[in-house]
Each structure stands twice: as C-alpha cells, then as structure tokens.
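Next, two complexes with chain A in common: one pairs it with chain B, the other with chain C.
Entry: the complex of A and B
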C-alpha cells in the first residue's frame, strides 16, 4: 500500500530589494538644490535694485527680482517637499530591508526543515506515517505564513514607492510648487532665533529640536545647513543630513568652477581639498565591495573654512545616538581637515574591531579643533603654515581645542538615546587623544569636565598644563584614565612641566594612569626620522597591541596593562640624543675608515696593475 | 637642553615629512617603499590571489577597491589598502579560515593567527593580508568575512602620485 505525505515544496528565493539606503544620496542632492534655491530666493527678496537706480528701471528691476524670488521659492518648496518624502522613503527602505533579511533567514530555515523531513520520510517505516504527516502539516503552515509575509513585504515596498511617486507628482509644475510655498507657514527666521537664544546648551537644544515638526526641521536643514550641521545637541542623523547638504554644495560649486577652467583662488582650492577629503572619509565603508552598508556613516562636523582655512570635520562610523559604545578620536600635530580620510581610516579600523563582540559601536574621527598642522610642501611658509606648526611648542591650541572637545562630547551625551523598549543604557563613551590631541583631551578633562566614561592618552607630549599632576586631576571615573606610548615614539619623550612643556608624561608610573601595552616601534636615527614618525603614528595599525587594547577600552573592557615608565620622559630624549651623537660619530669614523681603505685598496690595485704591466714587459 | 632638543626634533620632523625618502628600513617587509612601485606590485598580487580566494572560500564576493591613505596627518607617509568581504561563505568559521589560510600559504605568505583584532594575518614582500570574521561569535557559520590587502610598511610619494591616484577597482 502506498501512503502519500504532502510535503510542501521549497520556498523560492526572495528577490533582493533594488532600493537601498544609498537612496539617501538622492535626498541629499534634493536638499542641496533646495538650499541653493533658498539662498537665491532670500537674496533676491533682501536685495532690490541697486540703490543708485531710480525711476522706471528701478521699479522694473524690483518687480522682476520679486517675481524671480517668488518663482525660486516655489521651486525651493517643491524640492523641500520631495526631500522630506525621499527621507521618509529611505527610512522605510531601511526598515523593509531588515524585514527582508529576516524573511531570508526564515526561508533558509524552513527549506532546511523540508529537506530534513524528506530524508526522514525516505528512512521511515509504517509506524512513522502519522507522525510524519503531522510534521508535514505543521511545515505547510509555516510555509504558508512565510509566503504571506513575503507577499506583504512586496506590497509594502510598492506602497512606499507609490507614496514617493505621489510626492513628486504633487509638485511637478511651477504652479504646484508655488502652491506648496504658499501653504508653507514655517517661519525659518523665528526658528533660527529660537535656536540662537538657547545659547549653545546642548540639552536645551536637543529638547527644543524634539518639539519641532518634521517640516520645520527640514526647513531649517535647507535654509541653514551650516548652522544645523554643526550645533551640538542636534541629533546626529539631522547633523549628517545638513552637513552632507553643505558638502554637496561645496563640491558642486567648486568642481564646476574648476571644470570650467575659471581658476580657483588659493582659498577655494583649500576648501575643495577639504570637501574632497570629507567625501573620501564618508566613502570608506562604501569602497569595500560589496559595500559595507551596515555601517551608518555620519558627517557630524563640516566647517571646511574654519580655523583660518585648516577646516573642521568630524566623521562618525556608526551612530553615536544609538550605539552601545562610542569613541571620539582626537588627532594631533600635522592634522587638519584635509587629512580626515586618513583619520577616518583609523577610526573605521577601530570600529570594525569594536563591533566584533556583537555590540554596536560608533567611532568618530574628530578634527574639530585647530591642531598645529602644515603641509610638507609649505613647511617653510612663514608665517603661514610654518607659523601654524610652530604653535606645537605651546598649549594654546590644546586649551582652545579642549573647550571645543568638551562641548562636542556634551552634544553627544545630549543626543544619545535610551531605548525604553529594551532598557539599553546610553553609550559607553571613550575619548582617545593621540599626540597633541592627547594634550587637547586632557585640557578638555581638567578645564571643562569632559563628560566621558574613559580617557586614553596615546603618544602624548604631555597631559595638559601645570595643574595636572596625576590621573586623578583629570576628573574621570576612578581607574578610567589610560595612557600608552611606544618606547621609540619621540613625541612621548616630551612630557614635562614648565613654560615649554605640555604637562606631565601620562605613562609615568607615578602619574597614576593605567598604562596599556604598546609595541615599542623600531629604533631610529637622525638620518631615518621617518621611522620615528612611523612609531608615533602606528597606534591604530592592524595587529598592533595598541589597537587591541584600544578596542577593549572602547568596548568597556579592561585592556592589557603594564607598569608605567620609571625613567623621566625628557631623560629618554636626552639618552636618545646622546646615543645618537655616539652613533653618528661612529658612523662617521666607519665611513672615514672605509674611505681610507678604499683609497688604500685603490692605490694598491693601481700599484699591482703597474707591477703586472712591468712584469709583462720583462717576462 | 630639552628646549633645544624639542626644537631640533620638530625641525627634523618637518624635514623628514617633506623629504619623501624611498629607502627601505632594515629588517622590515623588504618591499618597495615607493608608492607607485608598491601599488603595481600589490595590484598584481591581488589580481592573482583574489580569484583563488573566491574560488576556494565561496560566498558572495564583490569587487575590490584599493586606495592610498596618508597616515597620521600630513606626514608624507602613505599606506595602500584594499578591502572587501564575502557574505555567508559555506562551512564553519574554522573551515572558512583554514581555506583562506591554505590559499595565502600557497601564495608564499607567512601566516599567523593573532585572534585579537583579526583572525588571520599574512605577510609577503611588504604586502600584508588581514582576514577577520565580522563577528567573533561566527563559529558555526560566518555572516561576513572581511579581507584586507595592505602595505606592511609606510610608503613615500614625493611626486604626489599617492595623493592623486584615486580609487582603483581591482576586480572589475
């Protein structure tokens, strides 16, 4: 007798979503155009005909400009509407992508179960039939539910697309754009004034921002992207939206000018360099192929013209508002906004290491202060870049940067969300200062009460000023000041008190920081200072002890700790200079001896040759 | 004394950064340190090695984008790096890593399994390959395996080659 057991067929593969979070770049482009139109409209409204025009010409010009302003504002309103719709669509796509991923996992599982049931049936006996039929029925139910959910997914995708298409269609003519502008009652000037009146208090700003409607937020991002993108207390995602708008504006304007061979001024070229560096830093995860779309990259600071043209940029890998662990990396000498891609590479490497434990992380390359910097080709440009670099011998920039860093971290604390559904706490927030950035971070801690959970000073020339005598003076939680230095990192030999020093060496045993293990770096000599630079800039290298320890710190774990230095940092520098003098003298002697040998051997060869010649003459 | 030494060190730092020497320090990878020469070498190595990795390891691989980064600020020291990943390669975590190790060993690379910030580290002629599972908990299966080829030593580029090279799509 034959018994039939109805086993469901395999569930077909679920097609990939053609729309991805990359669609966010469309939103940025739309918002950027809206910003340009907003600027034009505002300028046209504020500026009538030139003051010295009179009569009919003046009246006609005023009329024409008013008309252009009105039409431009209509276009601005149209772009603003579709930017909001596109933003909503991207959020929906991100959500549906997660839903699809879940369905793909369920499909894999149910197909495996079908295969397992078929195997069981092949090996079964008559006694198993009832049980197998029950399992097949249960499996069919699972398959049916899964297929229903897959159908629902595609319905939701279609619905999201329809909403977006409708939003575009609603403002695809001049009159519809002007209607949208007429209905737009957002008073951007009043909102701007409200924000300004909050006096930079990040908690108050965050609370105020959360009271705004989506349309009001969008209007501010379009009218004032530079303000919204760089105000501490505005949520990271909104800062990113605004700053990307500014970035796109700069790239478009300056690249178009360059491509038109109009010639960029030196200032414009510097601006373009910094804009391109910011773009490169943002693209680091995307240049992996297939792209790393899991990492939410945020442009948290974008002020390419700040600090006399050095620029300020901060790029975050991961969202600090939602991450379990957040790290702010403060770079040091030779850095400015043009080097943000290299800083981003380090931050992204730390991010990739920090999320391996399954927790979420955000690592931020924060070039938000004016570090002593210069470009090598301009090293002799005095008082230009040369003067900027000269400022490394005092703490002025570290003191000023300390305030900016503390304010930035306060902003991160204000926007950090507590997930009431899961009970997740706010981020474990670490600040990592490298080189002169460690002095800056120490000033942020001592002078401005840096609101971090831990502070790590690596490759430090000094822990900031005459008032910091030990780790406890930095005001961090007990046991949460870490320090590390490569033995052959010459910058770490500079820690000292006094007019010229930048504070104590934080890796000294008696300073009281937990000193993490760091690879020593290769010995170097005066004629190979590149190795010295390598030693100073290798704390984020893959496979380095320092990267492993920094990862532990970012994850809130305890790193591998060693005893601190017992030799004074300056004595290490003096020892190096003394050994170097001996080395150079010995090298000179060796070279002189070799030259003498060469002369002797050359002369001997000549004499031998002549002897051979004469011997040849008289055999 | 310290004041003088500090001034000398920073002056020397400026000189070193501006100099762009192409010397190879003793005892390190042994590869070219000129950015353009190294890029040529590593690009060829990736083009030879990656297809073998793709064939042996499986999963959903993409292309491979390489680029230069200036390290530590405007120091004149560069690294050349290219990263990608494969999603859901068949096998357990250990099997996948063993397959990767076998391919890299066949290419003459020296292999270590550091297991801290990565799973495999391989070196040959100044080229370094870092391999890691995106999640340490990927033991029974691997969600994403990341592979990075990079320069082991810092590179120099006195002719702006590294700065202007842009991205290179190695497998397209």
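Entry: the complex of A and C
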C-alpha cells in the first residue's frame, strides 16, 4: 500500500524591486529644478508688476517679467509636487526592499526545510508516516504565510508606484502646473521669518520644524535650500535633502557653463572645485571596493562660498539622528572644503570600524570652520627658509571655529533620537580634533561648553590657549578627554605652557587626559619631509593603533592608554633639530670633505635657526 | 545724454534676462540628468512623460529669456546710435556755451 504525503512545492524566487535607493537621485534632480524655478519666479515677481497693480490689466499681462514669474511659478509648483511624491516613494522603496530581503531569507529557509523533509520521506518507514504528515502540514502553513506576505509585498509596491504615477500625471502639463501653483497656499516668506525669529536656538528650531507639514518643509527646502541645509536643529535627513539640492544646482549651473565653452571666473572655478569635492565625498561608500550601498550618507553642511571662498562642508557616513554612536571629526591646517573627500576617507574608515560591533554609527567629516591655509610641506624647509609657523600659531581661527563646532554639536543633540525607555539621547557623541582641529575642538569645549560625551585630541599643536591647564578645564565628563600623538609627529611638538602658542600639549602626562597608544611613525629628516607629514596624517590609517583606539572611544569603550609624555613637547622639537643638523653633516661628509665643511657651516646656521624657531617662537 | 540712464536700464534688464537664461540652462541640465528608469519599470513611463513636457517648457523659457536679452541689447544699440545722432545735430543748433550743458536739475 502506498501512502501519499503532501509536501509543499518550493516557493518561487522573489524578484527584486525594479526601483532602488538610487532613485533618490531623481528626487534630488526634481527638487533642484524646483529650486531654480523658485529662484527665478521670486526674482521675476519682485521685478514684475506689483500684486496690487490697479492700472490696465493688459499692461501687466503683457509685461514679460510678470509673465515669466507666473510661468516659472507654475513649473515650480509642478516640480515641487512630484519631488515630495518621489521622496516619499523612495523611502517606501527602501523600506520595501528591506521587507523583500527578509522574505528572501524566509524563502531560502522554507525551501531548505522542504528539501530536508523530502529526504526524510525517502528514508522513512511506515512508522514515520504520521509524524511526516504532521511536518508536511506545518510546512504547508509556513509556505502559505510566506506566500501571503509575498503577495502583500507586491501589493505594497504597486500601491507606492500608483501614488507616484498619479503625482506625475497630475502635473504633466503647463496648465496643470499653473493650477497647482494657484492651489499652493504655503507662505514661504512667513515660514522663513518664523525660522529667523528663532534666533538659531537648535532645540527651538527642531521643535518648530516638527510642527510643519510635509508640504511646508518641502517648500522651504525648495525655496531656501542654503538656509535649511545649514541650520542647526533641522533634522539631518532634511538638511541632506536641501544641501544636495544646492550641490546639484551648483554642479549643473557651472558644468553647463563649461560645456558651453564659456570661461568660468576664478570664483566660479573655486565654487566648482568645492562642489565636486563634496560630490566625491558623498560617493565614497558607493565607489568603495566592494561598493557599499547600505551606508546612509548625508551632506550636513554645504556652503561652498563660505570663509572667503575656502568653503564649509560636512559629510556624515551614517545618520547621526538615529545612530548609536556619533563622531564629529575636526580637521586642521591645510584643509578647506576642497579637501573634504580626503577627510571623508578618514571618516568613512572610522565608520566601517565603528559598526563592526553590531551597533550603528555616524561619523562626520566636519570642515565647518575656517582652518588656516598653511602648507606643512614648508614647515621644515631644508635648506630654505626653515620653520614658518607664524600663520599657524595664531589661535583666532580656532576660537571662531570653536563656536561653530559647539553650535554644530548642539544641533546634533537637538535632532538626536530620544531613547523611549530612558528618556536620554540615544547617541554616544564623540568629538575628535586632529592637528589645528584639536585646538579648535578644545576651544569649543573650554569656551562654549561642548555638549559631547568625549573629546579626543590627536596630533595636537596645543589644547587651546592659556586658560586650559589640564583636561578638567575642558568641561567634559570625568575621564572623557583623550589625547594621542605619534612620537614622530612634529606638529605635536608645538604644544607648550605659557600664554603664547596654542596651549599645552595634551599628551603630557601631567595634563590629565587619557593618552591613547599610537604608532610612533618613522623617523624623518628635513630632506624627506613627506615622512614627517605622513606621521602627522596617519591617525586614521587601517590597522593602526590609533584607528583601533579611536574606534573604541567612538563606541563608548575604553581604549588602550599609555602614561603620556614626560618630555616637554618643545624639547622634542629642539632635540630633533639638533640631531638633524648632525645627520645632514654626516651625510654630506661621505661625498666630499669640502662640501662637508660648507654643509656643516650651513647646518650650524640652520640648527641655530631651528633652535631659535622653537625657543624663540614663544618668548 | 538724455538717454544715458535709459540705456543703463536697458543693459541691466538685458543682463537679467541673460542671467535668467543661464540659470534655466542649469535646471535643464539637472532635468536631463534625471534618470526616470531608476524609479522602476511601472513608474518610468509616467516620469518620462512629465520630464519631456517640462523639458520642452524649460527650453522655451531658456530660449525666451535669451531672446529677451538679445532684443534689449539690440534696442540699446539702436537707441545709442539714434541718441548720438540727435545729440550731434542738436549741438550744431544750440547756443555755443550750452552745447555741453548737463540736464541735471533742468527738468
């Protein structure tokens, strides 16, 4: 006698969605067009017939600027309408892609279980029939539920698509655009005034923003992307939307001009350089090997014309509003917005390390202040002019930057998700200052009460002025000031006591910071200054002790610490200069005695100059 | 002389139209770069219809703005030529000492 056990068939493969998160680029393009049209409409309105014109209507109607104001407003309304719909759609696509990934996993599991049951049946005896039938029935139930969920997935996909299709169809003619403009009652000027009246208070701004409708937020992002994208207290995702709109506008305006073989002015070329650097920083995960399409990248600051054209840009890898751990990295000398991609590399590397523990992280390359534009390659110019640090030792830019950094961090706190269980802010927030950026961060902490959970100063030329004598003066939670410096990082030899300079070396044992272990860096000579620069710029290198320790700090863990320096930082510089003169002389002796004498004399002069530089720099 | 301010205003408006044309060109590039296919198979045709419609309108606005600028520049040249001729003829007819008098405060 034969017994039939009804084993369900394999669940069919689940096709991928035909839209992906990359569709966000369409939203950005639509919003960017809307912004341009909004700008034109506003300008044309201001220069067209006034709204209260009481003269001949045909005179106003025939006036070209008045006419174009109306036409561009209709187009603006159409693009605004579809930009909102597209934004919502992409969010839905991202969500449903996650749902689909989950269903694919369930399908793999259930198909494996079906195969296993079939194997069991082949090897079974009559005694097993009842049990096998029970297993088959249970499996059928599992398959049915899975199929129901797959059907639901495609229903949801279709519904999301239908909404967007309807939005496009609703405004795909100029007359429909005019109708949309006529129905649009959003008073952007009033909203702008409300925002301005909040006086830059990030908590108040965040609360106000959350009271706005989606349409009002979208209208502001379109009319004032530069304002919305760079206001602390606006949620990160919205800042990103607005700043990407501005970025796309700049890139498209300027590349279109280049494509038309119209020369760019010097200012336009600088603007384009910074816009392209921001775009490159945003693309770092997508161009990684292998490509990373999971990391949420946010353009949190975009002001390419700020600071006399040096520009301000901040790019975040991960979303600081929802991340378990957030880090703000403050770069130093030689950096401006044109170098944001290099800073982004460091931040992204830290991000990848920080998420390995299974927690979420956001790491932000923050070029939001005006760092000195000094080239360290000239630092130990041999046998040229020698150390020329006069432009760096001025702390003015660190002080000004400190305020901006503190404000930026306040903005992150305002938009951070609150843990519903504890009522606390969710993200552990670390600030990491490198080089002159450490001086800037120290000023933010001392002068403005940096609202961070920890502060780390690496490769520091000084911990911020003459009022910071120890880690406790920085106002961070007890034990949450860290410092680190490569032994052969010459910038870290600049910190010193006293009223002048950029403040104390934070890695000194008596400063009171927890000094993290850092690879020493190779010894370097004046005629191989690249190594010295490398020592100063390698704190985020893969497999380095410093990156491992910075990762621990970002994760809220304790890093490996050392006892800190006991030799004065400036003495380290002077020792190097003395040794270097001997090295240079010995090197030349091998070539020619006469040359050696000349070089010795030159070397003597040079070392005297170096000693003067270090000892006389701060009288 | 009498058309000096007027010509400057013409040039200013011409520049405004030219700037507008250039700005619209940037928007046109943004729209050209928008890839409707990324929105998925079902949505793409509707999105493309929308893009095509507004691309036509945006091109029209760009061309119109450019034409307005050109028209003002051309008018400016005509007026300048006419003004120059009128001034020269008037000066030939005027009292010698009044030939270069400023019109300021005379209105």
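Going forward, the second predicted complex is superposed on the first by the 544 of 619 C-alpha atoms of A that agree within 3 Å, B and C clash if a C-alpha of one lies under 4 Å from a C-alpha of the other, contacts with A are read in each partner's own complex, and residues count from 1 in each chain.
Following the convention adopted for this analysis, contacts are C-beta pairs under 8 Å (C-beta built on N, C-alpha and C of every residue); 3 or more make two chains touch, one makes a residue touch a chain.
These figures come from a predicted structure and were not determined experimentally.
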Based on the shared chain A superposition, would you classify chain B and chain C as clashing or fitting together?
fit
Between chain B and chain C, whom does A:223 touch in the aligned arrangement: first, second, both, or neither?
neither
Scan A:86 for contacts with chain B and chain C and give back first, second, both or neither.
second
With the two complexes superposed on chain A, say which partner A:548 touches: chain B (first), chain C (second), both, or neither.
first
Does the superposition put A:440 against chain B (first), chain C (second), both, or neither?
neither
For A:72, is the partner it touches chain B (first), chain C (second), both, or none of the two (neither)?
second
One more residue to check, A:169. First (chain B), second (chain C), both or neither?
second
Determine the nearest approach in Å between the Cα atoms of chain B and those of chain C after overlaying the two structures.
19
Where chain A meets both chain C and chain B, residue numbers:
none
Which residues of chain A touch chain B in the complex?
280, 287-292, 331-336, 338-339, 341-343, 345, 352-353, 355-358, 371, 373-377, 379, 389, 392-393, 435, 490, 494, 496, 500-501, 522, 526, 528-534, 536-537, 542-543, 547-548, 551, 570, 573-574, 577
Chain C-facing residues of chain A, complex
17-20, 22-23, 25-26, 29-30, 32-33, 36-37, 39-40, 43-44, 47, 64, 68, 71-72, 75, 78-79, 82, 86, 89, 93, 158, 161, 164-165, 168-169, 171-174, 177, 248-249, 252-257, 259-260
Interfacial residue positions of chain B with respect to chain A in the complex
1-3, 5-7, 9-10, 12-21, 23, 25, 27-28, 60-65, 67, 69-77, 79, 81, 83-85, 87, 114, 116-118, 121, 128, 130, 132-137, 146, 148, 150, 154, 156, 167, 169, 171
Mind listing the chain C positions that touch chain A in their complex?
16, 20, 22-31, 33-36, 38-43, 46-47, 49-50, 53-54, 57-58, 61, 64-65, 68
